[in-house]
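Chain IDs A, B, C, D, E and F follow the sequence of writing; residue 1 opens each chain.
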Amino acid sequence: MKGEMISVSIDTVVGETAKIKVEGYRFVTMSCAELDQTMIDILYHFDKDLELKHLRLTVLRDTPVPSVSPVYFAAFLVENEIQDLFAVRFKGLAIDYERTLYLDEEVKVTPFCKYTVEKTGWGVGSKQ
Amino acid sequence: MFKRMITESRIKSPWLLHYDCGSCNGCDIEVLACLTPVYDIERFGIVNVGNPMHADILLVTGTVNHRNKKVLVNLYDQMPHPKVVVAIGSCGLSGGIFREAYNVVGGVDKVIPVDVYVPGCPAKPEAIIDGVVIGLQKFHEKM
Amino acid sequence: MTPNIIRNFVTKRATRRYPHEVRAPFEGARGELYNEIEKCTFCRICAVKCPSQCITVDKKTATWECNPFACVYCGICVDVCREKCLHQKCQYRPPVCEREIIFMKGKTKKTG
Amino acid sequence: MVTNEWNIVIVEELVFVLIVLPFLAAICSYLIRSGAVRSFIVLATGSLMAASALLLIPRVPFAFSPKALFGVGVHDIILAADFFLLFLILYFGFKHHSLVIKILALFQIVLMAYLEFFLIRDDAAFLTIYCDNLTLIMVLIISIVGSIICVQAIPYMKNYEEHLDLKKSRQHRFFFVMILFLGAMNGLVLSNDMVFFYFFFEVTTLCSFLLIAHDGTETAIKNAVRALWMNSLGGAAFIVALVLIYKEMGALDMQRIVHTSPAAGLCLLALALLCFAAFTKAAQFPFQGWLLGAMVAPTPVSALLHSSTMVKVGVYLVLRLAPAMNGTFLSQCVALFGGFTFLAAAALAVGQSNGKKVLAYSTISNLGLIFACAGLNIPEAITAAILLVIFHAVIKALLFLCVGTIEQHIESRDIEDMRGLYAQMPLTALTTVMGVIMMIMPPFGVLLGKWMAMEAAARNLYVIIMIALGSALTVMYWARWAGTLMSDPFAGRFRPERQPLLTWAALASLCAGGGVLSIAAPWLYSRMIIPALNGNYVPPYTVHVGILENSFGVFPVLPLCLVAALGFVISIWAVRRAARARIIAPYLSGLQTAEPGVFRGPMNRLVKAEARNYYLSSIFGEERLTTWINLGAAVLLTLLVGGAL
Amino acid sequence: MINTCALILAGLVAAPLAGGLVNGLDRILTARFQARVGPPVVQPFYDVVKLLGKEKTVVNVWQAFCAYCYLAATAISVVLFFLQSDLLLILFIQAVGAVFLVIGALSSTSPYSQVGAQRELLQILSYEPLLVLVTVGIYLETGSFKIGQVYAWDEPLLLKLPFLFVVLGYALTIKLRKSPFDLSTSHHGHQELVKGLLTDYSGPFLALTEIGHWFEVVLILGLCSLFWATSWIGMIIIVATTYFLEIVIDNVSARMNWRWMLGYVWAMGLTLSVVNLVWLYVR
Amino acid sequence: MPQIIPFGPQHPVLPEPIHLKLSVVDGIITEAVPAFGFVHRGLEKLADIRDFHQMIQVVERVCGICSMMHAMCYAQGIEEIMGVEVPPRARFLRVIWAELHRMHSHLLWLGLFADSFGFESLFMQIWRIREKVLDINEATTGNRIIVAVNVIGGVRTDLNQEQMRWILSELAEVEKEIRRLETTLMDDYTVKKRTVCKGVLTRSQAFELGLAGPTLRASDVAQDMRMLGYAAYNELDFEPVVEKDGDCYARCKVRFRETLQSIDIIRQAVSKIPEGELSAKVKCRPDGESVSRVEQPRGECFYYIKANGKKNLDRLRIRTPTFANVPAILAMLPGMWLSDVPVIVLSIDPCIACTER
């Protein structure tokens, strides 16, 4: 894969992101992929003058991940998306859609988890 | 006689409401293209009113998903009778290539009754015009 | 803008008066599918490769079925058919009021 | 001969009923503190006054001098009362620590003393009571509209005090002043002696002060004090004018002034000062403050101040004096000033969401228009002015009573809170809308007046521009309000709400009055207004099957009324039919839910779609405009008084 | 009497027909300007008949009331015009129609019609004074507000009131709901407020407002014709040219916001009128 | 108390369903909260049931406006994993169709933009020109919009000399027509009134928000993925189009100039195109991770592909330019007039189908 790859942990991800921001990188997006039953891979992609830089965060699915949206506001959208699709919880989102970004209550399972995870609502939205 | 005049006028003055129900934009822009000088569907008195309260024909493009189906039903309910629904593109007909995706309910007819099906991906403007014309014939039946 | 609209006003209109005036479809336009069923060997390649999974082929009964409402007219099946019996007309498939299915029945061939 | 004398006797009795009876009734209702008795007194006085006013109709014009009241010379009574009044004002000045009031009161006392004890030599060289059709119109307005307001105040105040949880009822005080006010107003319009006039002028000042202060809260007191000093300013100007007039003419005979036209010299200055006094009473800019502040009082007070009393003193005075100003620069200034006020107040009203404030500004604005008409001083304009006075009184009273009723129900006077009021109180809402319609739409009287005013003003560039702009603004703030009241997604059955009988009676009579008078406008014109022009002006319009016409304009009142009635009936029929139509949800971009006006917003939350009128506070806000408007008005006033010098 | 009845009838029947035709021509011309073919001339009639035949749906029954009132007011104003009544009065009555339209729009809770209504009020605010000033100009020139006398004037008013004619043009653009003033609703199929103050009118009630609009068109064009009333040809020329220019302007400009409209129309309109009026006074 | 207005999902000036909950005070926006999900289909997940060849057709239908580039981006990603060398002719052909797509997308946008401020006739003019581009698409590939020319390893369809000449002559026409509209789009009083100083984003704001494409370039950031040199862009001569002001007018200018730039690029590509194979043979299955980026009409499109040697991909993640540009709407709307909402929303050229996939 093109671009430098840095591994981070839950504790360092926000700090690392902030550092990258200071270096003048632009936030591109995040990707998420399921590794196995419990582990999930979250990639943060950044760009500076067409050079990419990635952070790789490998976490347990049910550990809440700190949001980087306070650093890069633009991240709120993709974090909400991951919340919706992978049942990963982000803490401290700038705007939290509470898992209603894309999916309505009719969709019962978290779609991108091959090992079925019930879609449970965290917020007001899905309760009604 | 008066009745005939009204039916005649209905056929001569169909106002469109186009709702993009999760289309990939392909069919969507083809619908818009019908309004442009090259196809100029205003020749048939067609106006894109964009308001269910005024519309006679509901053009639906795209797949129905769980969120927009509520909107679709709302819009359909707001249209005064008689009304015709034209589903456009594979997506609108059956969900097309996406019909197995998790957030896709299927074609438009899963949610509201459809009068005309216009196949294609995207459906060509000519096909859409044909579809509307066929839809207009339905007004004869829907007195 | 004024010169533009004045030009429009005096020159010919851009409108093609469909359906009174039908432009011949472009050659190679990807329209409706049809199968020369006599040539078809029911090898199922088209069905497998179709990205929309809308072709059903049954070798036993020698039927070839396509759901034109799910087909995305991409032409992959035409490309992959070894017998070259699948074609796309230049004409698009006309709109209809009922659901339909393209159903073709050929002769069962002995596989050799 | 006998009949004539008999006539005079009756007239004297009627005038007594109109002026003195209210004073007596007021005292009674102050002393007898029983709700039922009070109600009876109010109702009885009201009906007596209304009846006498009506009985007066066939008996105008007349004039006489009452010799004595209860055995004492009338002039002496008035004089004594006047001093008493001025000292009372002075007392209030001390009580509320208002330097301005103190100075003004002292100033008036001194001048009054000077006038009475040093200047005036032979009193009553002329008839002190004078009544022509202009007076009659005023008397009718005061006695009928004013009484209706008082009647409505009975249930209103009961409710009001229940709401406030008062230990001790203060209604006796309230009704005391209210009834007194009516008497004073009648006295004012009927006096020909300007000293009398001045006395009643001061009584109204004081009454308004007491009414505004009724609640006794801090703001109430503050606003009352403001009203007092502003009106005292008018009083001061008035008395200066009296001195000047006396010096010039040797008599304080109103009719004399009117007939020396055009006035010149000191007399003109006196007229200017009288106009100034009128402007303060009519709360024209820059004295609008007191009228706006008056809204702290219970709504019937506002209704009274705005429609039939107080502010009408101003326009009456100017209208009365208009012939004297005819053709002078002063008159033009008055027109300009009126036009300016009309425009400015309308602009301010656009910026308001407070219903009562809108009404207040609209009053100021309408009075401005009347002043403009008086200033234009041509027959059409004067006719317009009189029509406007009549219709404004009726409809403004109606609107205020409506707002009062609404306010008691929803506990807010903000227009935004009245959104969809139709769902809660359909009948009141409809009445209000009806009032608004009568305010801005032909063939109703106000518009008839405005039409005359515009055609009359067409030759005066500045005035017509201001009127044109002003009336567009007027349409804006009224229409928006009416629409807001009806803004309601439900279409249930029409079920009138419950209200006390007296409230309904008041609303219904005013509403019907506005309508009937509008239809009767041609009759009103030929029967009441032509005589009211008093020979000073040529009757401007011809009346022919209910069509008013002059050489350059025509207003088919009666035909239009018929057509409008027809249209109205058809529309009502349409509503009944539409009630059977399918009710659909309003357009909410396809997100509507079963609940009306609620949509499914972001995060699947249910959100209410809120609408709000544009009040354009960035353009028409009070903070933005008031200073400039006051400045403009001050300049015009200086021009007005200075020009007369 | 017979004459009067004939005129009333003409006003009631011929005016909407003419208005509809003008609308149809408008649509064709617009289409031509856009290199399109456009609908048939009688398209507006098809539209209205269709709407009349549709299901009745309402958001609030008062809408129906207001639609009827709007229609009635505009019809009366046109009839009065035909009866050669008072210009100012006609303006008042026409304003009644506009106000009822606004009240009707306000009676729905949809923010779109609400905002549309607010904008319509601002439009009324913009053009109403101008129309009054135009009539004042006419009065100053001809000495009368009565249309009969204005028509009888022996000199085209255009010569004396050129600026006021431009001012009338502004009012015309606003009333015809044309760009750049199509704020509250536009004569095109849709606009940013969906259909602005007509959003929640539907079916037959929408048809009524449409017919009302035809009356308005006739009225406004009638006002235009006053400016060259000395001959039939002149009248036709002036009306046709004005309308043609209206359509051109519509096609070469974007929609503006109300703030601009209010500022521009008042500033330009008032200046032009004052200049023209002062000239009339001074003469 | 603000007024709450639901803007969308069905709204005539919004070509696509997105919802904005607008809070408005006296006609001025104070807050805008978006809602999504009206177009979400979940097609990334289809990778589980479609093989990686079939996914080309699926990603083409992420969006009809930029379909060709989606397929190209995807194909490039897979090609990178598999180490397939795309034949030069195919690379040039990809450029030609990509630029045609950019043109039709930009023209489409210019038209919709005109419609957003109520300039109907301008909309008609622009869309009329656009038809020519679509005709080119149809004549050369068989479909007006979804061209379906990409396959893994190259392209499916060829252009012969005559076709290329025809394309150039058609484009010359198009250029002439576009230039005719230049004065209107760039100088018209009313257009400027509606676009200048609306929704201003400064250079740093734009960068912070992570914007992409013309929206970013209009704020004076010269970022263009084509400079990466994918397909045949490294052999062509062009510069990113940049504007300084960062308002809606600047965005309009950028797109207008880019449309002309595309014509130029196509001319260059046609003149430089080599003869040769159309596609490389692809036999094995992909295994590994890659990211692929192309410059879509709306900006940088980002694909993350993870394959594990099976015929179905493990994960396909698509980040489209509008996804990156949505925060711009939220940043721009507050303080603007209600009537500017369509103009501002459209100024980023939102494509919701892309955003939500």
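One rule holds in what follows: a contact is a pair of C-beta atoms (placed from the backbone, for glycine too) under 8 Å apart; a residue touches a chain by one contact, two chains touch by 3 or more.
A quick note: this is a predicted structure, and the numbers were derived from the prediction, not measured.
Student: Which chains contact both chain B and chain E?
Tutor: A chain counts here if it touches both chain B and chain E, which gives C, D, F.
Student: What is the identifier of the chain with the smallest separation between its Cα mean and the overall Cα mean?
Tutor: E
Student: Need the most distant chain from chain F, centre defined as the mean of C-alpha atoms.
Tutor: D
Student: Rounded to the nearest whole Å, what is the centre-to-centre distance of chain A and chain D, using the mean of the C-alpha atoms as each centre?
Tutor: Centre separation, chain A to chain D: 68 Å.
Student: So what's the Cα centroid distance for chain A and chain B, whole Å?
Tutor: 38
Student: Please report how many Å separate the Cα centroid of chain B from that of chain D, as a whole number.
Tutor: The mean C-alpha positions of chain B and chain D differ by 59 Å.
Student: Hey, how far is the Cα centre of chain A from the one of chain E, in Å?
Tutor: Using C-alpha averages as centres, the distance is 57 Å.
Student: Give me the residues of chain B that touch two or more other chains.
Tutor: 19, 37-38, 40, 43, 48-53, 67, 71, 75, 78, 80, 96-97, 100, 102-103, 121, 124
Student: Give the residues of chain E touching no fewer than two other chains, as numbers and ranges.
Tutor: Where chain E meets two or more other chains at a single residue, that happens at 33-37, 55-57, 111-112, 114-115, 118, 189-190, 194, 199-200, 202, 251-253.
Student: For chain D, which residues are shared contacts with two or more other chains?
Tutor: Where chain D meets two or more other chains at a single residue, that happens at 582, 584-585, 587-588, 590-591, 602-603, 609-612, 614.
Student: By the document's touch rule, what are all the touching chain pairs in this structure?
Tutor: A-B, A-D, A-F, B-C, B-D, B-E, B-F, C-E, C-F, D-E, D-F, E-F
Student: Any idea which chain E residues touch chain F in the complex?
Tutor: Contact set of chain E toward chain F: 30, 33-36, 111-112, 114-115, 118, 179-180, 182-183, 186, 188-192, 194, 251-260.
Student: Spell out the residues on chain B that touch chain A in their complex, using ranges where they run on.
Tutor: Contact set of chain B toward chain A: 66-67, 102-103.
Student: Looking at the complex, which residues from chain D come into contact with chain F?
Tutor: On the chain D side, the touching residues are 416, 588-591, 599, 601-603, 607-612, 614-618.
Student: Quick check on the complex: what are the chain D residues that touch chain A?
Tutor: Chain D residues touching chain A: 602-606.
Student: Write out the stretch or stretches of chain B touching chain E in their complex.
Tutor: The touching residues are 5-10, 12-13, 15, 37, 40, 42-45, 47-51, 53-54, 56, 78, 80-82.
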